[in-house]
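Before anything else, here is the set of structures, which you'll find just below.
Shared between the two complexes below is chain A, which pairs with chain B and chain C, respectively.
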Partner chain A sequence: MSPKINLDHIYCQSPDVVSREIEGTIVIIPITAGIGDLENELFSLNDTGKVLWHKLDGTRTLKEIVIELEDQFQSLPEIIEKDVVGLLTELLKRQLILDKSEG
Partner chain B sequence: MANAFVSNQSLPDFSLWEKLVDKRTLCSFELEFTARCNLNCRHCYINLPAGDRKARSNELAFDQISRIADEAVSLGAIWCLLNGGEPLLREDFFDIFTALKKKGLLVTVFTNGTLISDRHVQFFKHYPPRDIEMTVYGVTQTTYERITRRPGSYRAFRHGLDLLLSSGIQVTLKAMAMQSNYHEMADISRFCLQYGSRDYRFDPFLHLRYDNDANRNREIIAERLSPEQIITLEESEPSRLEGLRHARIFPGDPGSAKPDVYRIFGCGIGKENCCVSSSGMFSFCSSLRHPDCVYDLKNGSLKEAWEILFPKIRNMRSSRKVYIDNCAECPIINLCRWCPALAHLETGSLDLPVEYFCQTAHDRAKTLKVDQELYKIKIS
Partner chain C sequence: MLSNIHSGELRLDKDALMTLADAVLLRDVPFRIQAKGGSMSPVIRNGDVITISPLAGCKAVCGDVLAFVNRLNNSLLVHRVIRIKGDDYFFRGDNSSGTVEVAAADQILGRLTGVERNGKAVHFGLGPERILIGFLNRSGGFSLMIKSARKVFQLLQRRIR
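This part shows the complex of A and B:
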């Protein structure tokens, strides 16, 4: 079952992963066991995902991030919100981020 | 829609590699954690006693290793191989391994397995290594301990391996082939395939000591297989022989670009990886110990070493007649173990032929039915 994303919550990158930018590619490398489906995998993000990833620093709600992205991408709020929730669902499912609001 | 943002890809298929193909980027580095070992293998090119104080005092400290790893990461490194000696001998193994992981490195450990304890197993379950590789010296106590010269080591090795496997931690098993275990190589191969997680491989070439210890070098040479024995082992593994067949690219083949034969480093050295010795000497290959080809990281940065040494080594040339006549334009060089690094360990020079390698290459050529008109042995 996919985790539910709440726009009023604060999300942050998991301390159990390291993200690195190599040749313009964001590579997310698990430090501990249990991240992702297989140990033999790395994660990468596309350009839009990369922008969002850098904003997941645990200082603002997802709603605030969506507003920032609306300004940045000049796109319709509902499209931005749908994409952000989609990406966050994937990241949370793979344990690459944490929901700080859930303590 | 979400899948367009994030993707998880298996390591071999990771799209980043395509971007790096044509670039000179540091992708991996080998960290020789210590030259000390709890075993005393008769074929080993590096092992010093576990309690060797001088070796221990020369080892890089945690802070130095951390600084070097930071520099490697800043240059793009994603893989780190922890090698030895026996890396588990170091008391700060756990701290360093964790620090490397937290820098975003995929860490592989080469270990003899005899020191693996429950603590290591719990640790590796929490912080999974990219891989653990162990060498299987023998599958009987007699053979194993004839090589390691440590009573009880076979039992310790099996115990360590069992601890890892029973906890679901995969291990890659491999072998070194030598006189002391030649008779057991078929059983070793079966053992490795049964318990190992990846393709089994063996190495039949024992190279000489980094410290140039004459007595130990004599022991190594005594353990070397003859070219005929090497061929016999290779013939028993069709895939290996097939690999050699594909490696048989003659410099003079029609259509092939003629390489600069006077340039002694004809391999891809310095393109994507490097090594750091236990005392902090940087080189582009763990076997490359020639003083002109190393850089002291205790007195300089890895970035300097990476940039300064590369053009120097790539431009090393030789016009020595014995090199030109025997190696530089040898049509079966790709069947030969010869390289400047090993030539230096064998002869003291980077550009001298090594008769043992030469003989083995020619025997391989015969086995592969290479046209004998193309080559002849010139060393006398």
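This part shows the complex of A and C:
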């Protein structure tokens, strides 16, 4: 079952991941069972995902991030929201981010 | 927007893998990666998945297998320490009787702590016997010993047939 994303919640990058920008792409390595697996578990984010990833610092709600992205990308709010919710669902499902509001 | 790299299009070159390995070790956690090449055979074979752990303040000794940055071509090498002189580490692959690589302490990324072959852990060359292998490797003796053992084995196989 996919996790539910709430726009009023604050999300942040999981402390159990390491991420680096490589040739313009964000590469995320989950630390699973105390090991960073460079063999099977690497994820990458495209340009839009990269911008969102940097904003997931646990200081603002998802709604605030969506508003910032609307300004930045000059795109329709419903399109931005749909993309953001889609990506966050994937990130949360793979435990690459945490829902801080769920404490 | 999110893709799994091994099923996606992005290919990571050696520089990228080194950046990621370094980033993981900075968090004081080990990393797993697939070994390429046979310079450490039979301890590490091409395709084995190896685990490299941070040294975490423990000094490496002769016989340890360490991951280090080869500054000649900026590649990640995993070879055995055959001698330590001050801050300089001298390395040679177990399957090599030739080149000795030298790396300073700041080029060392971590220590080999695990080898998996076809999903099974391989322990040879990582226990106390590593000291003896390191000693034999100073003169390339381990590689010659392995080659001789292979020849004897092949001879025995032919006789049995």
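One rule holds for everything that comes next: the second predicted complex is superposed on the first by the 97 of 103 C-alpha atoms of A that agree within 3 Å, B and C clash if a C-alpha of one lies under 4 Å from a C-alpha of the other, contacts with A are read in each partner's own complex, and residues count from 1 in each chain.
As a working rule, contacts are C-beta pairs under 8 Å (C-beta built on N, C-alpha and C of every residue); 3 or more make two chains touch, one makes a residue touch a chain.
These numbers were taken from a predicted model, which means no experiment stands behind them.
> Clash or fit: chain B and chain C on chain A?
Verdict on chain A: clash between chain B and chain C.
> In the overlay, answer first, second, both or neither for which of chain B and chain C A:31 touches.
both
> Applying the document's definition of touch, where does A:4 land relative to chain B and chain C: first, second, both, or neither?
neither
> Determine, under the contact definition given at the top, whether A:22 touches first (chain B), second (chain C), both, or neither.
It touches chain B and chain C both.
> Touch test for A:46: chain B only (first), chain C only (second), both, or neither?
Both partners, chain B and chain C.
> Determine, under the contact definition given at the top, whether A:86 touches first (chain B), second (chain C), both, or neither.
both
> For the superposed three-chain model, which listed region of chain B (236-244, 272-280, 326-334 or 362-370) is the one that clashes with chain C?
272-280
> Name the residues of chain A shared by its contacts with chain B and its contacts with chain C.
Comparing the two interfaces on chain A, one with chain B and one with chain C, the shared residues are 18-20, 22-23, 25, 27, 29, 31, 36-46, 48-49, 83, 86-87, 90-91, 94.
> Which positions of chain A touch chain C when the two form their complex?
Residues in contact with chain C: 18-20, 22-23, 25, 27, 29, 31, 34-46, 48-49, 83, 86-87, 90-91, 94.
> Going by the contact rule set out above, which residues of chain B touch chain A in the complex?
Per the stated touch rule, the residues are 1-11, 14-16, 19-20, 23, 25, 73, 76, 78, 101-106, 125-128.
> For the complex, give me every residue of chain C touching chain A.
Where chain C meets chain A, its residues are 1-6, 8, 10, 12, 16-17, 19-21, 23-24, 26-27, 29-34, 49, 51.
> Can you name the residues of chain A that touch chain B in the complex?
On the chain A side, the touching residues are 18-20, 22-25, 27, 29, 31-33, 36-46, 48-49, 52, 82-83, 86-87, 89-91, 94, 96.
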